[in-house]
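Consider the two complexes below, in which chain A is the common component and chain B and chain C are the respective partners.
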Partner chain A sequence: MEPILRAQGLTKRFGTLWANKEIDIEIFAGEIHAIAGENGAGKSTLMKMLYGVYRPTSGTIMVDGTVMERWDAALAREKGIGMVFQDLRLVPAFTVLENVFLSLRQAGWKIDRQQLRQQILKRAAEYRLSVDPDVEVWKLDLGQRQHVEILKILLDDQTRIMIFDEPTSVLAPHEIASFLDMLSAFRQKGYGIFLITHKINEILAVADRITVLRQGEKVREFVKGEDFGEMDIVKAMIGEAEVRFDLERPLPEACSRSGALGVELRGVSVKDDHDRVILRDVNVTIEPGEILGIAGISGNGQKELAEVLYGARRSCGGSLFAGGEDITNASIARRIQLGMRVVTEDPVRDNVIPTFSILENMALVGLEMQCRRGDVDWNAMEEQLAGHREIEDLGVPAPERIAGTLSGGNLQRMAFARAVISHPRFLIASYPSRGLDVATVNAVHQTLFRLKRMGVTIVLISEDLSELFSMADRLLVLAGHTASGPYPVETCEQNEIGKIMLQGDTGYE
Partner chain B sequence: MNKERSAYQDFLLRALICCCAPLLLFAVLLLSQGKSPIAAYRTILTAIFGSAYGFGEVVVRATYLILTGLAASVPARVGLANAGGEGQMAMAALGTAVAGSTILASLPGWIGIPLMLLCGMLCGAAYAGVGVFCKLKLGMNEILTTILMNYIATYLISSLLFGILRDPKGWNYPQTVEVAPQLRLKSFFGTRMNAGIFIAVGASLLIWLFINRTRIGFTIRTIGGNQTAAVYAGIPVKRYQTGMFLLAGALAGLAGAIMVIGVEGRMRIGAGETMGFMGFLAAGMVGSHPLLLILSAFLIGGLTVAGNGMEINTGLPAATMQILIMLVLLTIMAVGGGKKK
Partner chain C sequence: MSELTTILICMISAGTPIIYALTGDLIGQRAGIISLSVEGSMLCGACVGFMLASSTGSLLLAVLGAAAAGGAIGSMQAFLSISRKSNMMTTGFILIFFAQGLTTFFGRGQLGTSLGKSFSLAIPGLSKLPILGPVLFSQDILTYFSYLLPVAAWWALTRTRLGLLICSVGERPEVTEAYGYHPKRLQYGAVILAGVLAGIGGAHMSVIYAMSWANNMINGRGIIASSLVILCSWKPQRAYMAAYLFGLAQALQIFFQIHEVPVSMYVTLMMPYLFTLIALAVISTSKKPSMPEKLKIVT
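And then the complex of A and B:
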């Protein structure tokens, strides 16, 4: 049998980053093909190439055995490929019917409401989708909005392949089972389905074939009926990470703890930007001078946890203490006074002023402010900057460069270096080594250990288990709306942590 | 090196387009109406440079426009937009006129004039305060509230001028009692030009220094550059935004006060009309740069003054000049936008 869609040697490069490298993939009618991998493994990029949003750097795409010379989103839809994006693309002020109308390829100028309503109701009944065509989209919850997105694809008679990008991330736990039933119904009808996910239990429940990506490369393909278990998938996803031995973990007696700030969370709950509780009742004591690793697939509350610690987000329950002081409602300014610093997961968005030079950026909670006649004394500041060895170690760009003209990696190093030289007592470092080259990653790790020796408490948020196991003293795992642990690293296995990371929400089913 | 020169050439090219394109387009428009563009442009030049009175009038308008332009520029530096310069200026003018004919009327000039200016600034700031309160406490869009407050100011002032504040000896004209003569600024060269222009230019210099050469200015630029980063740096962003918005109101208020003590001597209906809106445009033309604002204020001031001459000499309505001003503005927006890449 000929696959509907087949891609060979698909490669996508963003600058120096290989988002996808030489990937072969195919899909047949009537199968569910799961694409598994951690965040950043290249799943979304791969699907966006198949859907024609991204242009492959190299590789070929074949539809029904014919090589496509030209490939873009319009052509992909013509050939019957539909995609349900992670960020649902609907107009909130329009009704369901109007949104569906917008997506029709041969819609014309006028809406035939009567006919379109009939079609929507027919499809909705067929797959038990709960949508009222005449209700405005803003009144719907995320699960119902997803149904609208699916309807848009179903109403196109050409559709043969459906791509779902992390579809269950917007669903409440009880909606997931019926969603998976719906996928099976689509399979029965002969649709080919790509299911992007990192949730193993969903994959095992419905997938006929599983492609595992890691760091942009296809590492394994499992076919239903073969002898494999969930641990095999977990291992393929996170890899056989090794603890790095070139890093010398500082001995406890070499560390001064006197200056470090300990933070305690008592029953802290946090809501995400969609006003849903993403972390519930977190209790953890972050000991002065320790490196506490935060493990978990990203999107499980890492960002929210960092923001609550730093005061950029209010908790919706519980209280926080720093060195015995109640800081639950303390301002960021007060936290900075206490010695708390943060490098967020997106420093370019949260920590950098694009119109400022590197030197000016370094003056924002980094260098000590030196003033002369009411103005910042920039000459003295530049001298001060030159006196810090981290600037060179971490490869921070020259002080006069304008931040907005520099790459994200450069700015990430700058934001990290700035926090390091600011005399921190408690540092929240979110993915400090993400996207950096090996030498810089090493410098980042050395710097973190030097901070630990100097007496700085560090919260290290990372998805890279080998990094966490090399660096952290204890690990807190975020999954399934809660925090598990902390587990001391000496006494636990990477696979155990990996399993908690990936299956945190099995308890709901 | 090469790259820098091409950036310089690029700038010259853009400047050239900004100067010529509106004039050419406007000429086409004039031709379509059967009017001679050459005669029209000659009229513009004579209206501005042909007489001391005409030039003085340009300076007077530039004074208002610089200050109302600053009122739009300053909040832009902290991520807010103040479209209420019009109302803030008018309310301040009314407040100053009333104060100058009542509680401040018996003071000598050396103390009275500064107090008049201060009074205008306080009135403008208070009126702007309503807008920033609605923004920061009630989450209302400040552009909309300040625009709407312009209308409130217009109608409130006209109801007062037709009502309790009307000068009983003013032949029934809707205007306040004249302020005490020692509180007036002197006019120069028999024109309406006065020391207000020095205050306005001084204000834009001071604002430039404040934003670019002080530590507080650094904080302000931080907020303008990336509000999230400012929050993460522990800066009380809302407090700064409030302060800058009140400062903006004070600057627009200064324009109103100067209008009363330098030109009008009282508040009368329609005084200073459109100067707030035009100041907003002047600020938009130069990307809220306080020093370049002086140039755009003179440009717009000149063109509005020329509008009156135009009406007399070519028979086109004065509003025709609005078209030219908008052409200039649109060209700058279309051509200048590329700079920010």
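And then the complex of A and C:
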């Protein structure tokens, strides 16, 4: 049998980054092909190339055995490839019917509401999609919106291949089982399905074939019926992350714990931006002076947890204590007073004022105000800034540079350096080494250890198991709407942590 | 003719230019661009329309010229606020003052001249109906067309692909783009159309309603039309209500003056604004999003 779509040696480079390297992939009619891998493994890039959104740097794409000379999104749709994107592409103010109409070019220039309504209802009934054609999309929840997206693809008669990009991430746990049933129904009808996911139990439940990507490369392919288990997939996905031995963990005796701030979470629950509970009943005591690593695939509540700790988000249950004081409802100002600091995952958005220079940004927080004749003494401020050795260690650019013109990595350095010089007692560092070069990552790690020796409690949020295992004392794993652990690093295996991370939350049997 | 009929005739005539500018700007706002410059488009349309009507005597030429003049102002608004991403409010105001200067300069030869020709066109039969006949059907061709305009706009915006695309640009341009359409082209089209329609409305003011040209004769009607879009909650079918409400206020003001009714003209003229203010207050609290999302960012 000829595959509908086959790609060979597909490669995509963004500058110096190999997002995808020499990937061979194919899909047959009536097959569910899972693409598994951690975040950043290159799954979405691969699918976007197949869908024609990205142009491959090299490689060939064949449809029905014919090599395509030209390949773009319009042609991909013509050849029957439909994609359900992670960011659902709908106009909230329009009704379901109007959204479907916009996506169907062959529906003509004028809406035939009657006919389209009937088509929608017929397809919806066929696959048990709960969709009312005349309701506005803004009234629908994310799961229903996904149904509309799927309908758009189903109503296009040309569709033969469906690409689902992390489809279950927008679904509530009880919706996932019926979603997977729906995928099986599509398979029966002869559609070829690409399912991008990192949740192992979903893969095991429905996939006929599993391609595992890691760091842009295809590392394994499993075919249903072969002898493989959950752990094999986990190993293929996370690989063997190496623990860095060049980093010397500070000895416990070398650490002063007197100044550090301990934080305790009792039964804390948090809602995400879509008003759904993303973390339920988290109980953990963050000991003064420890480095607590937060492991987990991003999007499992890391951002929300950091915000709740820092007070930028209210918890929807439970209470928080810092050094014995109840800070559940305390303001951010109070937390800063207690010595809590944060470097968020997106410092460009959350941590700097783009039109200010680095020095001015540092003067807002971190540096002590020095005045001369009622005016800020900028020269003295600059000297004060230069006196902090972290500025040089971390490679923060010159103080007069405007923050908005810096690269993401440089901003990260600045935000990090600022948190470090502002006398923290408790530091939340979200992905502090993301997007930085090796030397700076090293400097960040050294600085974190120096802080630990000085007596600062650190919450380190990262997706990089190697970083977590090298740095943290204990690991808390976020997955499946809850936190597991904390597990002491010395006594646990990377694979175990990996397995908890990838477990998913559904319990789909 | 009864006094009621007179008031109603006056209401329709005063409301007609508003319908044009209002419908036009409503379409532009649905695409995410507010054209305060419809005031300027109306002025240019009034000036050019009057010049052509008095020199050629042709209403068709006058309307075409007015549409082109209004469209020219509209395309300036489009270029600045779409391609150059300038603040659309500021741009609109500057274009209004620009149009005032332009028309005052080029229209100075027309000052004080009268058209000496009426383009009224009573519809045989219908105009003989009691009350409604003279009110609705002894008007002129531009007024008759204005009866259809909001319905046509409603149909186009809700029933055709082009209309839905225009509305989608005002809501989620990235979605429009994802379907392979060009958000900016759609915006250009909508904003220029707003200028064209406002220009025609301006021609109605000078050629048919006043039958003369005076400096700055639009006197804020374009700005009113632009703000009445809010009163319509961006629904073209409500343009009748909004425009004739304004027309009625104008008619009553004249009526009160003639009959020395002790109500200040300023109070009657204030009414449409009061209604719009109330509409603004209500819209911001209602849950249903009637305002195009892109406008929420600028307003």
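By our rule, the second predicted complex is superposed on the first by the 497 of 509 C-alpha atoms of A that agree within 3 Å, B and C clash if a C-alpha of one lies under 4 Å from a C-alpha of the other, contacts with A are read in each partner's own complex, and residues count from 1 in each chain.
Keep in mind that, in the parts below, contacts are C-beta pairs under 8 Å (C-beta built on N, C-alpha and C of every residue); 3 or more make two chains touch, one makes a residue touch a chain.
Here the structure is a predicted model, which is why all the values come from computation and not from measurement.
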Joint occupancy of chain A by chain B and chain C, clash or fit: clash
Touching partner for A:Phe222 - first (chain B), second (chain C), both, neither: neither
Which superposed partner A:Cys371 touches (first chain B, second chain C, both, neither): first
Per-residue touch tally on chain A - higher for chain B or for chain C: B
Partner chain in contact with A:Ile353 - chain B first, chain C second, else both or neither: first
First, second, both or neither for A:Phe164, with chain B first and chain C second: neither
Contacts of A:Tyr310 with chain B and chain C, given as first, second, both or neither: first
First, second, both or neither for A:Phe469, with chain B first and chain C second: neither
Contacts of A:Trp109 with chain B and chain C, given as first, second, both or neither: second
Common interface positions of chain A, toward chain B and toward chain C: none
Parts of chain C lying in touch with chain A, wherever the complex brings them together: 159-162, 164-165, 167-168, 171-172, 174-176, 178-180, 288-289, 292-293
Chain A-touching residues of chain B, taken from the complex the two chains share: 213-215, 217-218, 221-222, 225-226, 228-229, 231-236
Partner chain C, residues of chain A touching it in the complex: 73-74, 89-94, 98, 101-103, 105, 107-111, 136, 138
Chain A to chain B touching residues, read off their complex: 310, 312, 331-333, 335-336, 342, 344, 349-356, 360, 363-365, 369, 371, 374-376
